[in-house]
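The following block contains the structure, expressed as structure tokens.
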Amino acid sequence: MKLGFVSAILPELELEEVLAFASAEGFECVELMCWPKGKAERRYAGVTHVDVAPFDERGAGRVRWLLDEHEVAISGLGYYPNPLASDPAEAQVYVEHIKAVIRAAQLLGVGLVNTFVGRDQTKTVDAQWPRFLETWRPIVACAEQHGVRIGIENCPMLFTGDEWPGGRNLATSPAIWRRMFGDIPSPSFGLNFDPSHFVWQHMDYLRPLREFKDRIFHVHAKDVRVDRDRLDDVGIMATPLEFHRPKLPGLGEVNWGRFFSVLSDVGYEGPVCVEVEDRAYEGSLELRKQALRQSLGYLRNFA
Amino acid sequence: MKLGFVSAILPELELEEVLAFASAEGFECVELMCWPKGKAERRYAGVTHVDVAPFDERGAGRVRWLLDEHEVAISGLGYYPNPLASDPAEAQVYVEHIKAVIRAAQLLGVGLVNTFVGRDQTKTVDAQWPRFLETWRPIVACAEQHGVRIGIENCPMLFTGDEWPGGRNLATSPAIWRRMFGDIPSPSFGLNFDPSHFVWQHMDYLRPLREFKDRIFHVHAKDVRVDRDRLDDVGIMATPLEFHRPKLPGLGEVNWGRFFSVLSDVGYEGPVCVEVEDRAYEGSLELRKQALRQSLGYLRNFA
Amino acid sequence: MKLGFVSAILPELELEEVLAFASAEGFECVELMCWPKGKAERRYAGVTHVDVAPFDERGAGRVRWLLDEHEVAISGLGYYPNPLASDPAEAQVYVEHIKAVIRAAQLLGVGLVNTFVGRDQTKTVDAQWPRFLETWRPIVACAEQHGVRIGIENCPMLFTGDEWPGGRNLATSPAIWRRMFGDIPSPSFGLNFDPSHFVWQHMDYLRPLREFKDRIFHVHAKDVRVDRDRLDDVGIMATPLEFHRPKLPGLGEVNWGRFFSVLSDVGYEGPVCVEVEDRAYEGSLELRKQALRQSLGYLRNFA
Amino acid sequence: MKLGFVSAILPELELEEVLAFASAEGFECVELMCWPKGKAERRYAGVTHVDVAPFDERGAGRVRWLLDEHEVAISGLGYYPNPLASDPAEAQVYVEHIKAVIRAAQLLGVGLVNTFVGRDQTKTVDAQWPRFLETWRPIVACAEQHGVRIGIENCPMLFTGDEWPGGRNLATSPAIWRRMFGDIPSPSFGLNFDPSHFVWQHMDYLRPLREFKDRIFHVHAKDVRVDRDRLDDVGIMATPLEFHRPKLPGLGEVNWGRFFSVLSDVGYEGPVCVEVEDRAYEGSLELRKQALRQSLGYLRNFA
Amino acid sequence: MKLGFVSAILPELELEEVLAFASAEGFECVELMCWPKGKAERRYAGVTHVDVAPFDERGAGRVRWLLDEHEVAISGLGYYPNPLASDPAEAQVYVEHIKAVIRAAQLLGVGLVNTFVGRDQTKTVDAQWPRFLETWRPIVACAEQHGVRIGIENCPMLFTGDEWPGGRNLATSPAIWRRMFGDIPSPSFGLNFDPSHFVWQHMDYLRPLREFKDRIFHVHAKDVRVDRDRLDDVGIMATPLEFHRPKLPGLGEVNWGRFFSVLSDVGYEGPVCVEVEDRAYEGSLELRKQALRQSLGYLRNFA
Amino acid sequence: MKLGFVSAILPELELEEVLAFASAEGFECVELMCWPKGKAERRYAGVTHVDVAPFDERGAGRVRWLLDEHEVAISGLGYYPNPLASDPAEAQVYVEHIKAVIRAAQLLGVGLVNTFVGRDQTKTVDAQWPRFLETWRPIVACAEQHGVRIGIENCPMLFTGDEWPGGRNLATSPAIWRRMFGDIPSPSFGLNFDPSHFVWQHMDYLRPLREFKDRIFHVHAKDVRVDRDRLDDVGIMATPLEFHRPKLPGLGEVNWGRFFSVLSDVGYEGPVCVEVEDRAYEGSLELRKQALRQSLGYLRNFA
């Protein structure tokens, strides 16, 4: 496996600085954020380390040159909008940009784009399933045409009241994955697996590694701590951030030894990228760099 | 404590038969259902063992005579509608009937009416709080005037898709109880505590017994079993019956020894009524009677 | 479900005395032992409460009369030899007697014979699989012809050194059951399920209840206690009685509440027979009767 | 085993009433309190169901006649003072009365006296060991001469501040028992084993059943619940009642199934007497009787 | 957070050597021991890396120069006597020296002195509370005047028989802290928090981090292993070293990932100093250095 | 303790390359494999880093020179055949080679040979005990004469069907060790302790560290993960690889913090050698080197 990080946590750094940092600290790869310039709608979004809007072979060449220079690989291109947003016009903008990221991935020879399938948060899963299929069959077809795979992160995008009740991403559980991959069985359609979301959903994050081993295209290394005292007070019907906190790997409840144990046994050899969303480490650029450093050191115990 | 049962599980029996059964099996009390005649909107609802619509002193006299005859007490009158239903006209019908049950309770000298505060399932807790206060301040005032207490069951009324996302009863957690009793501090406003709802909400059902000891007016003895394999598959964002099953006391995850241990220590001396919602025991009247018998035998270990 | 017991624990009583005891204590059924007269090869074997050797309609009539008289049912006829014993001649004697028990079951209108498939203890499962099929296809066919079902107990018959290494019954695990029922798919071929054997084999005894729900024809209520200190000393390669003890229900590690919870949910409505193999309760007939009484009282908490 | 109760919880009843109650409820034996008349120094002490001071053959005859009449046995005579009290004169009074109880036991043909070895609470175990030996060697010799055994309860007698720091009974742990029985190896010197004291001392109450199986002369069935929230606040250096509560069997943390499982396996066949010290059940005589009834019903699951 | 160590484990090194070692190994700070010269009363005591007795601006200047030279900070000055020793004269000597350390801290610009409040081990907490207040109000006032904070370690100072029964430091539990800070509410009075003492006291070491977050001035990283077999034998009434062993971080029962997780969430940014009291690593200076090195490497996983 | 590795995982490297790798990565020692050239009967066997067949003082000199050159020590010589193989001629070949390894150890000044006692897999422990004693008394005598100790690994050598039922090494449990060291009490006869074999045998791997502390001559750091889902399906009567997987330290169920905690407390100061048998890390030489590197980094947390 290759240890890397998600570049969203370093928004003030230029691409070259990101790669230089990665290289200096011993990371083997980076998931580069590809949000359209100027659009930061929510925390951790809106970061543009590769600007795919005006991307061409020359832009790709410059990026590849920087990667060679710093001996760091791109684990995948990342862009996490809500392509099933209730406003169809808004959703369409997201879909178009996903396709732009797919084209950029082909030009870069990266082969992987990470994103969300999205969700209309006000509707049940069943109620929006037809729309999910209508939206995603063309995107997956587009990815196939460009020789790029799509890794859907299993994040429910349900943290605070504004995302209530359904969150902004359907791909949250093995039951839904089975349905997704049953209806869109393309081998280019898979997962960007983050075990931490399973913890607060009270699900086993090891068993799916076996069933979906051929669908795991990318892994996020984030952790969470469920605060029992808070959960006792509000219960699982509350919005999730009322009872848990995202934390760095090693500071939460994921058993990383067991996670890498099973991951290695199912034959996964791809990237594992640290995703920092730990508020205690976000006060300054230095602290965020320290968070990446510490996480890498911790994960080296197991990979 | 006094062991009894909720009469909703014996809908085909007349009041006298219910009391005769209770007496013969050794129950000390019964929570009698007071739905308006002819209205069965959902499972376990619509049962009328005391018809409060045309209730008067003479009707009350007959009920009291039957209770004496069978040496069984009424633990409380029960009626569980949704007084915050999104349709205000519908909600008003429920509110009026709750008041009728309160008046009946006074006539019977019972002193306790059990119900739900209700919820508009499409709205957040905050969004409907003003309506909750508008609706409930008058009901609680009415109860005070009639010398009757109100026990709100802590059931989220969220089991299947039609109750998604918010369920039909706000009073689901200690955090919300604190707010309820803070805003409507009447000593006549309290809880009908059912530990089983805390189990699938992943909350501790023992700690609230201490904090809310003066608010516990009635207890339901129901149990649930969380099916880990199902939960691993669907997660807590699924509708709750996808990952748990209501069961008889002793066949679920409530630690009844520990529950009665703390309950006795906080000084609770009121009724504990078996509520049967275990599908495996609902096939016939005989099976439902057997469910009550078995539950009583089991609970006798601890009370 | 119907609570009963296995008659092997009362060898000195005549059939009528067994039934009278069952009736007086409140058992609803009894699994009657049908060993050939005079052959007690091992502990708990060799008991003859129904002598099927010379059985005919008249003998059956007398048994049925006794059952009516005492208002007790037969849960199944029981005979537990090793039909795959390494000596083929010995094995053939067992097979013939199993068929005699099947015929007796038909005459009695009982519909169920409980037994072992047996095992050549010196051979691996694979090595004797052809012989298993050769032996059992005819027996199952015979059962089908007589309208009788066969319940194979999941006991490994591996307790002490003389049964080492493989034990005397192949039907020990879900993996092997799948193979058995795959190769002999008759609906008359099923299980006499005893959860206690799963405990010392360190297996989950709840999950198979779902997968094999249509194969569970009979249930044995026995319990075991694994002695951690002993297991720490000898490990799982030792013979099993070096690290565990069979005990009465409630005195071991089976979670009977959870067991009956799942059993009731999968729709099982058949017999659950207490099987006493607890050495601490075998010193006298009175103690063994006490063991049955206590076990019945305990199980009544859950069924 | 024989289920009984400790008579201290029924101080207002005469001996005959105690025996009549025991008999009516199905208890097989009673541990009768033998405090000197008029001396109630602490909760649960000072009860005199057999007045041994002026005891003679005639008094013994009357007690035996009552036992026959009610078909109840005496499990042991109980008197629990502090024979190592710091005031030697006070201690001597206790020693003399223990001897009087021993003589009474012989006259009654009971064979067992239950008591404490006592402790000077201000001194370490080592510092008072010589005094322990001086005091107890003669008492044990006296017991031997009268053909009576002595069962020392393993209660630390450390509950509240007045018993701080050492408590009033040395015989609290297996380590100390080994020393006691090593220095006074008489077969008449043994234990009145109460598992509940091990729970709050954070000790395993099952393992000692094996090592000391020949020393267990009597068993007390009491339970305790450790309150984690309280313990988290005060720690084990606090006085024990700050973090635990004595409760009825089944309402605490003793695993009674496991306890009776091991107890039966080590061959114990003696009395198991319910000892009620649950404040929630002490409000009235009726409540205390109910406590005994409920405890007996609960223990019948396992013995 | 800043990782450092407690200098007591390197008594044979001069201050400069201590700082050079710290710097070479990557420690960011050191808690320097300030015992009066020549007084080693107990293990880990009596170490003098800063001699405050004759301290003046010039001495302080030299220390500051060394710190700059080695780029290591002082996390706090440490001196851990018993200012409530039963002998008032002895106690007074300790109090005077604490004040000298406070003055030295001001001169060094360190801002923190770590110590014990002490305890008269023969008395209950209540019995010596007035003396605690009399002793400590002036010390805290002195600290305030010098602009220095005081961090009281939560060590019970109860390990072996000579410290029985009460130990030599009152500040052992959240319950006592609440009382301390209630009676002496100065913001200069806080804690030097060591989670390991909570482990053997069977207390939760995470919950207090939230309640006392504004009082945590310094953290000791020590670990302990409770030996269950020993605890089962002697119970919690034994002296604590009979059932536990101090160990290096990572070799005990503190969950350091969880500890740093909560510590970072409550906003703690101060020093975390490894305190070596692991007998297995005390055989030689090299082994003690290795202990510090290994502990630092381990803690780097989490901070 | 000294961290090293078992050289069997680097079969394609020459001795000098093995030592160079060890040195470069920071290992302090290596257990060198001494199989006879050309004989690779099973996975991980047949590796010859020291060819003892023609060994003499000159050969030893060269090895010692290489060790000095690379500043790496030999933790022990390793050769793991089955000296109790059912074919006596085959067994004799193994015995002779063990003696050759012993002589080589003396020449090298190493002092330790690691091996198996072997087992006739078709026989019970008892049945082959006399042969064990006949075979091993001379080998141990030989070791004593050469001033060399023998460390028997506690591996059951039971993984797949061909080793069924008994495995190929008797020395699997504390119970058997007691018998071994009782019958051959030589201080030169001890253990090469590998905690991972205890995990799948469901035994405590910490307790034996105390009892056998004087017998632990060498330690293997390997880990295993028991797959609960598989175990639930096949049970402990299956061959062990059906329900567990050998893994690198940190990727299995051994609690290494606790292991080194106890190991350091019992005074063990010898070698701890990583043994790689994790199939996920065996695909290439580079991957196997990475496995050793990662394991060393992980173990440095604790030693």
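Lettered A, B, C, D, E and F in written order, each chain numbered from 1.
In this text, a contact is a pair of C-beta atoms (placed from the backbone, for glycine too) under 8 Å apart; a residue touches a chain by one contact, two chains touch by 3 or more.
This one's a predicted model, so the numbers in the text were calculated from it and none came from an experiment.
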Response to the item:
Per the touch definition, the chains contacting both subunit A and subunit B are none
Practice prompt. Note whether the interface between subunit B and subunit C is symmetric in residue numbering, meaning over half of all numbers used appear on both sides, and answer same or different.
Written response: different
Fill in: Far-end chain from subunit E, centres as C-alpha averages
C
Response to the item:
Distance between the CA centroids of subunit A and subunit C (whole Å) is 54
Worksheet item: subunit E to subunit F: how many Å between their CA centres?
Response: 43
Worksheet item: Taking each chain's centre as the mean position of its Cα atoms, how many Å separate subunit A from subunit D?
Response: 64
Worksheet, complete the sentence: By the touch definition above, subunit E meets two or more other chains at residues 207, 301
Worksheet item: Which chain pairs here would you call touching?
Response: A-B, A-E, A-F, B-C, B-D, C-D, C-F, D-E, E-F
Worksheet entry | Complex contact set, residues of subunit E against subunit F | 225, 229, 245, 247, 250-252, 278-281, 294, 297-298, 301
Worksheet item: Which bits of subunit F are touching subunit E when the two form their complex?
Response: 207, 257-258, 260-262, 264-265, 267, 300-303
Item to complete: Can you check the complex and tell me which residues of subunit B touch subunit A?
Response: 124, 126, 156, 158, 161, 164-167, 172-175, 198, 200-204, 207, 228, 231-238
